[in-house]
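Shared chain: chain A. Partners: chain B in the first complex, chain C in the second.
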Partner chain A sequence: MLEAVNISFESLNMATLTPMLVAIVGALAILTIDLFKEEMDKTLYIVLTILFLVADLSTVLGQTMGERGFFDVMLIDGLAILAQIVLLIGSIIFIPLAFSSQRFHEYRYPEFFALFLFMTAGFQFMVATDNLILIFVGLETASLALYTLIVLHNKDKSFEAAIKYFTMGALAAGFFAFSGMIFYGLTGSVELFKIFEVLEARNFEPMILILTASVFMLASFGFKMAIVPFHTWGPDVYEGSSAALAGYISIVPKVAAFVVIMRIFEGLIASGIVWIEYIFYAIVVLTMTLANIWALVQKDVKRMLAYSSISHAGFVMAAIMIGTTQANSAIFVYWILFSFTNLGAFAMLWVSHKKDSNYHERFDHPFEKFSGMVKMSPLSAVLMGLFMLTLAGIPPFSIFWGKLYLVSSAVNAGYLVLAVIMVLNSAIAAYYYAKLIVYMFMKEPETGVDGSVYMMNASISLKVMLGIAAFFTALSIFIVNPVLELSDFFIYSSGF
Partner chain B sequence: MSEETLLYIALFSPIVSSLFAALFGTVPKRVFVGVVTSGLIGLSFLSSLALFIHLQSGSGVVHVQMFDWIMAGDFSVPFGFLVDEVTVTMMLVVSLVSTAVHIYSIGYMEHDKGFNRFFSYLSAFVFSMMFLVMSDNFLGLFIGWEGVGLCSWLLIGFWYHKHSAGWAANEAFIMNRIADLGMLLGIFLIYWTYGSVQYDVVFSAVSEADGEILTWIAIFLFIGAMGKSAQFPLHTWLADAMEGPTPVSALIHAATMVTAGVYLVIRANELFALTPEVGLFIASLGAFVAMFAATMALVNRDIKRIIAYSTLSQLGYMFVAAGLGAYWIALFHLVTHAFFKALLFLGAGNVMHAMNDELNIMKMGGMRKVMGWTAILMLLASLALAGIYPFAGFFSKDKILEVAFDGHYYILWATLWITAGLTAFYSFRVVMLVFFGKERYKDFGFHPHEAHDYMIWAMVPLAVLAVIAGFFEHQFVAFVSNVLPVYEFSEHTHHMVGQLILVTSAIAITGIAIAVFSNMFREGVFSSAFRNTILFKLFDNQYYIPKIYEEVITKPYMELSKVFWEKVDMKIVDASVDGIANILRSTGENTRGMQSGNLSYMLRWMAGGMMLILLFAIVYTYSDVLLNILQGVAK
Partner chain C sequence: MDYILSLLVFFPAVAGLFGFLIQRDAMRSYAITIAIIELIFSLALWANFDASNPFMQFTEHASIVPAFGINYLLGVDGISLFLIVLTTFMSLVGIISINPNTKDLKELLIALLFLEMTMVGVFVALDAILFYVFWELSLVPMLYIIGVWGAENRIYAAIKFFLYTFAGSLIMLVGMLVMAYFYFQATGVWTFSLLDWHMLQLPFDYQLWLFVAFFLGFAIKVPMFPFHTWLPYAHGQAPTVGSVILAAILLKMGTYGFVRYSLPLFPDASVYFLTPIAILSIIMIIYTAMVAFAQKDIKQLVAYSSISHMGVVVIGTFALNPEGITGSIFLMISHGIVSGALFLLVGVIYERRHTKKIAEFGGLASVMPRFALIFGIMMMASMGLPLTIGFVGEFLSLLGIYKVSELFAILSGTAVVVGVVYMLYAYKNAFFGEVTNEKNRGLKDLNGREYTTLIPLTLLVVFLGIYPKPILEPVDNSVKAMVSLMHQKALTEEAREVIPEIKSEEVK
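Coming up: the complex of A and B.
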């Protein structure tokens, strides 16, 4: 007869788990409502989702740092809290985009919102633990939900994108499992802090196995972050998803993946395995540069933005390699500023999206669509121009500050060449962002176009979201300091 | 109400006003936009007045720190505002003239399509100007400095469909950019030397710096001032800026923005006091510009350009005073000048309005019969400008001449003295040609009419101040002496004051007399003999300076650009970029299978990439072994 396992409730420290539980309960609540009464208006679900996310955020803000819970699987340190804040804010500003003026397939399903909440919970699990298994569970929960969300857009392109994303995601999951297996085999633990302890004790031998495990891990999360050479899904998936979801994909999942990479690799780099630093260096430079060059030759704005997001991912990966507190805290500033701007840029595409018909036989947002936009819809042209200038890192708009802090942390840490490459890449990037501005402000409109398409999909709440994004983008000079302090505080207190 | 609140109201009600007007930027004219913005600017004036009373009662300087603005490493700029005696003087002038101009513009712009937009820009300008004068550090001053430059650009080019307006706006903007670079260098140097850009920190430590560095700082700052205040050789933009609507000329290009350079010198007086050689240069340049601009005004036929040149000339006067260390006199002249010059411009606006935007004074004449009030107001302004007792200009201008005399700079004194005569002449030439004599406008088929009553009323406060402001000289000295050093005249000059005033007034009256008589006898037309002299041609063509700029700078630059474009850009840069692009494109073509989304290809990429990195890992780990093997093979 097995002895009954006796666990006291206090020892679980459920407070560490509350935020995710809020999201999950929210998802279940939405499903239950649908069970009892079908065909509710999407507004209800949108508002419910926002409410649950806000509740989630407030429990995150109430968490205390340095706690462990649930059999020590959960780890709530400053990094976890900060990352959850960024994730949740990203999610909260994404959901109102569903208030589009045209009716879209996906928002008719309550499942969309339930999946969205499950996904958010998955990402939160990923960042709030140092247990490889829980990371895996969170990753897969979130990814599977995300694939489905893409498909719900219900176009040929979305099916294609989701299938591709799913298949490649499966491969990446395999990589992760393999890597975890090697780590477990080497150290007998799936908890990162213990893994490092043991590795250190055995003086990082045998090196080849550690490197193999690292490479698999890098490939797995490199896929999530869309860094070269694991980026190939990026443009297709961005193109296949609705512009709103593409904006989301470009930020939130990457933040989650980024935090995991940070937890795993900063330890490895700091422990003096030079090779990993080299390989990161190579990947960072390749990702920034190649993605930028590819972005140069794109004919579609959304694909251009997809490549530019890849390039930005390379930029943020540099922080992991630099690994100083300054770099880590700069990178969260970067993420926060980037999320508002990228959200704004994708939302501009979203409001110009025409249901059931592509603007062009191959692309929905070719550059020509925006020709002479300023003559027909000056305000939207100015907004789009603002987001483009910001993405290009023109002072005093938001991303400039992120870049500034990151580059200066690179210089402070002695990575002079890297800093130069980063600046050069910013210069290249300015070129393709400016290309859109040239189209909008200097070209003549195409004949027979009346400009109604630019605000086709706009509704009051979409305009409000655009206003918020533009506000934070343009006036970031005033928020960058508090954000930096916040980020500094959390990063510093969790020892990164 | 606390002083802090007053300060914020004075500063921020213009921006509220601008944003309010901007809300209606794209819709047709709404009169209430003009009324509301005028009210908000008026509110700013009242707050400034309250602050003035506060300071007058001796309750001390108002200094607020809003928050830490830029904190990058050791570089910290607290975002603060300072209202001391100098600031509040500037605030009063700016907000008063702005209020008058706002009200006036309701009438002036009544038929303009961009009515609402105009008020948005105008209020934005007031905000920038307030920001400029109220900042407690050089960086904030610079922000305001750029802000007024931007608004000036918007307003000069307000009628952007006119090619000349767009051109003039760009000219003003670019010339100011050149000068601003100097200013920025000065600010960098200040930060580098003193470790701060706060006025109080810098000025309290000002003498600690090396003399040479101080000189450079002074020079750089003055270069900035030269651009904004249109001093030679960066003066050409001011006359061209007259392309903007006339209220803009009154507010920006006469009363406020162009005096920012003078304000900068006054504000940084501790710094300039330690660099007398730069001060002397400033004074000399000022005297030169005073005369130089006055000569150009002599022969011009465009009513607005004449007034613009007179502005240039008066700015020269201010710089003489500031350069010679008589800061309060410079500020005093700045104040009185703002009143009578804004008045003069607004009067010119009335005339233009009556004449369907005709600017040529030779086509006017005898207009006092149809626009009596405007004639009276402009006459008062011209008397003040000419420096006739008891008008405001008399007191301030005379003081400047006394300063030049007192410092034994007799050449400067003589220059300014002659200029005073020229000033009197050209300002009365305008008055005579426009308001007196034969009614030439009838030949050209114009039907002038007086402006709206409220436009006249908006001008009245300025007129009153243009007349009486001079009498407050002593109160003014007492007021600003808390901040600015009081200029002490020597005994010698003290005795000579009477004679000096007499001599100056004599030349001014002579100038007026010549203008009046020449108008009586020959209708203001210059004799053909004079027209053929080189001097006349020089004056008439603005000393050929625009042409010289065109020939020496613009054209060679154009040629050079062309060479660079055709030879370097097209053949080298473009060719190489195209080359890279072509390579990329062909790579794109070749890898199309991957990008157009063959899934198995994509998976192979991913796995392949991973394997490649793994290979690197193996090579790295076993590099010694591999090397051994390779060596073995080599053997």
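Coming up: the complex of A and C.
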């Protein structure tokens, strides 16, 4: 007869799970409210979502480092805590964009907010574990929620975007499963630390299998993060999603993906299988360079920003490849500073979004839309100009400091050529950001356009969000040091 | 006087921010007032400057990013002092010179005030990253000025200017990061402070690479041949005030960078690259002078002549002896005044005739005698006529390079000769002879606004040409201190020979 398995509750160490549980409970609460009383205004759900996320964040801050829990599946190290902080702050600053003055289809559904919270929980699971299966579960929870969020926008383009994203995502999931299977077959474990223990013990043989597994893993996350050559869906999805969600996609999911890649590839790159590093190197350079070159020829600002975020992701991938503590810390410094600016840029597009009609028959945000913007709406032109300059890496605005630290980590680790490639890419990128500035400040307005179009969708809360983004972007010089020390502290203490 | 440098840097920017509150019609008076106050600050700095102390004065220090060694570190010595005064002075002149009828005058003035902050910042920053911040930030207002108030092809010119200098300085940024890393390896401390870096003796092959990285950033700004192609476009399209600031100050940031960074940080590499740089400079001097001769547009002529003279500045700097470096710094000042004045003069005639073609003019001297007189003086100064400001710097620079190589000195001396040719030729065509074009007959001579800008410049040209000592002495002191540092730091025999030893009593 089978014996009953006794597990004490303490051994589960539920504290490690609390943050995700808060998000999930929040999602369920929102659904329950909808059951009792239908057709409530979106503001209720927005505020509830923010509150649940804040509660989530506070439990994350209360976590202690170096804990494991739930049958040792959960892993709370400095990396997990830092990543969750970034994820949650990212989510908290993006969800208020739903306070748009125009009414949009997706925000009428409480499910939108429930899905948003489920998605956040999914990302949190991804970063707070080193178990391949839980990573997979987190990844799929988040992705499926995200596909739905995109399609809720309810336009032809959104359907196209969601289906495209879904198909690519399914392929990526397949790759992930395949790669995990090979690792399991090689080592008999799905725990990353055990996998590396076994691999190291046998000196990373057979190499061909490890290489195959790594390539599948890389391709899987390449699809998730839209890294060249797996990026083709990216700009279409950005275009199909609402600008608010596109901004979110460009920031938050990538943080989760970075962390997982860091966990998996740190050991693989250090394994001495040079091919993995070569492949990584090639992908990093291609991502930065090609995305930049494609961005040069875009006619739509949103698509341009999509390619630009691909290129920025390439920068961060470079840091993952370099793999020193400084580089890993630089990833977070860069990404935290980047998210404020990108939030601002996408929010600017969002406030100029008009319901039900595109500005132009093909594009919603063509460059011409912003022609002569400074004449009609000087303040928004200055804000957008600030975000563009920052994205281009002009000091002393936020991204410059991230770039500085990141390039410095490349230099310190001896990747001089890579450092030069990175800065040359910044120079290429400056062109397309400057292009928008040229349109806004130096061209004459198109006839028949008045300034109202740029603030079409604005509300007080949106303006406040823009103000916050601009504040942190412009005065980042004062927050760089704390961000840097925080990031250094967490990364260093988790041993990456 | 403790915080005078911070005040100098941030006063125009803060005033610029407040400028948004000023009513449009009052903006010009406001900007002029601010620029005058800023000039007074810089003169006060000069008055309190101890000319006998060759080292950094009025230093200010605060940590920005202690974890990464980035500091807010400011200071002036004899080398930067006069560039600061030049900046505030030329900014004032530029602001006064703007025609009150210019469209969007308010925005233009605010942009100029921000630009003034970045320019002063570049000259007082003693932390590499801080320097870089101001250096890059200066591109933005200039991009705006050229792109909005320029001539018909302005956007192309503005973007070209922006991308060229941006790309070059990014390479320099990598150089700075590598330099900081070497410093970290040697001492275990992260710092971007230039004063600390000066103390570090780098191995020879590191110096070579770093020198190249810094060189790219500075050379594009100067602009050295073959990186000069952005400048004629920028000048050709920029509004008058843009050209004045660009020629008078922005270009000096490049040559200042050579003096402040390249020489003391990499003395051996400077000697190693002396010949190639001298050759590039000579090509730059002769080639652009010949191109200037071929120009039909008077503004392009002034632009190319300005590049040609910057060649003399560079070659004087890389003479690596006190005469050459002091001369080149003096030449930076005089080039700032003279080329600024020449662009103003071109602006004067452009405003009246809306053309810059030399062929359209002719016989202007009889219609606008005073204009012709000032133009003549400035032209002579630009050619380096003795007793004008242009002579002192050019002579010292050439003297410096003569000590290194007679051939180089003779070749760069041709700049003076060719300069005479194209300048006099253009002057003859534009000013002498009969008035051939009817449109020129009724032109008014200079007006009050133009006198206010041109007369002080003319006086300076003559005064400093006759009595350059007040500037030369402090410059020379600091330069000698720097050269003696370079000599001490030099590793190779060759460098020790080329960089002269300064006896301690000479460094006061």
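What we mean here is this: the second predicted complex is superposed on the first by the 495 of 496 C-alpha atoms of A that agree within 3 Å, B and C clash if a C-alpha of one lies under 4 Å from a C-alpha of the other, contacts with A are read in each partner's own complex, and residues count from 1 in each chain.
In this text, a residue touches a chain if its C-beta (ideal position, glycine included) is under 8 Å from a C-beta of that chain, and two chains touch if they have at least 3 such contacts.
Because the structure is predicted, anything quoted here is derived from the model rather than measured.
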item: Chain B versus chain C as contact partner of A:Ser426, first or second or both or neither; value: second
item: Which of chain B and chain C A:Asn481 touches, first, second, both or neither; value: both
item: Partner chain(s) touched by A:Leu389 [first = chain B, second = chain C, both, neither]; value: second
item: First, second, both or neither for A:Val464, with chain B first and chain C second; value: neither
item: Which of chain B and chain C A:Lys164 touches, first, second, both or neither; value: first
item: Set of chain A residues, in rising order, touched by both chain B and chain C; value: 404, 408, 481
item: For the chain A and chain B complex, residues of the former touching the latter; value: 160, 163-164, 167-168, 171-172, 175, 207-208, 211-212, 214-216, 218-219, 223, 228-230, 232-233, 235-236, 275, 279, 293-294, 296-297, 378, 404, 408, 481
item: In the complex with chain A, residue positions of chain B that touch it; value: 26, 68, 70-73, 581, 584-585, 588, 594-595, 597, 599, 602-603, 605-610, 612-614, 616-618, 620-622
item: Touching residues (chain side chain A, partner chain C) in the complex; value: 389, 392, 394-396, 400-401, 404-405, 407-408, 411-412, 416, 419-420, 423-424, 426-427, 430-431, 434-435, 437-438, 441-443, 477, 480-481, 484-485, 488
item: In the complex with chain A, residue positions of chain C that touch it; value: 64-68, 129, 132-133, 136-137, 139-140, 143-144, 147-148, 154-155, 158-159, 162-163, 166-167, 170-171, 173-174, 177-178, 180-181, 184
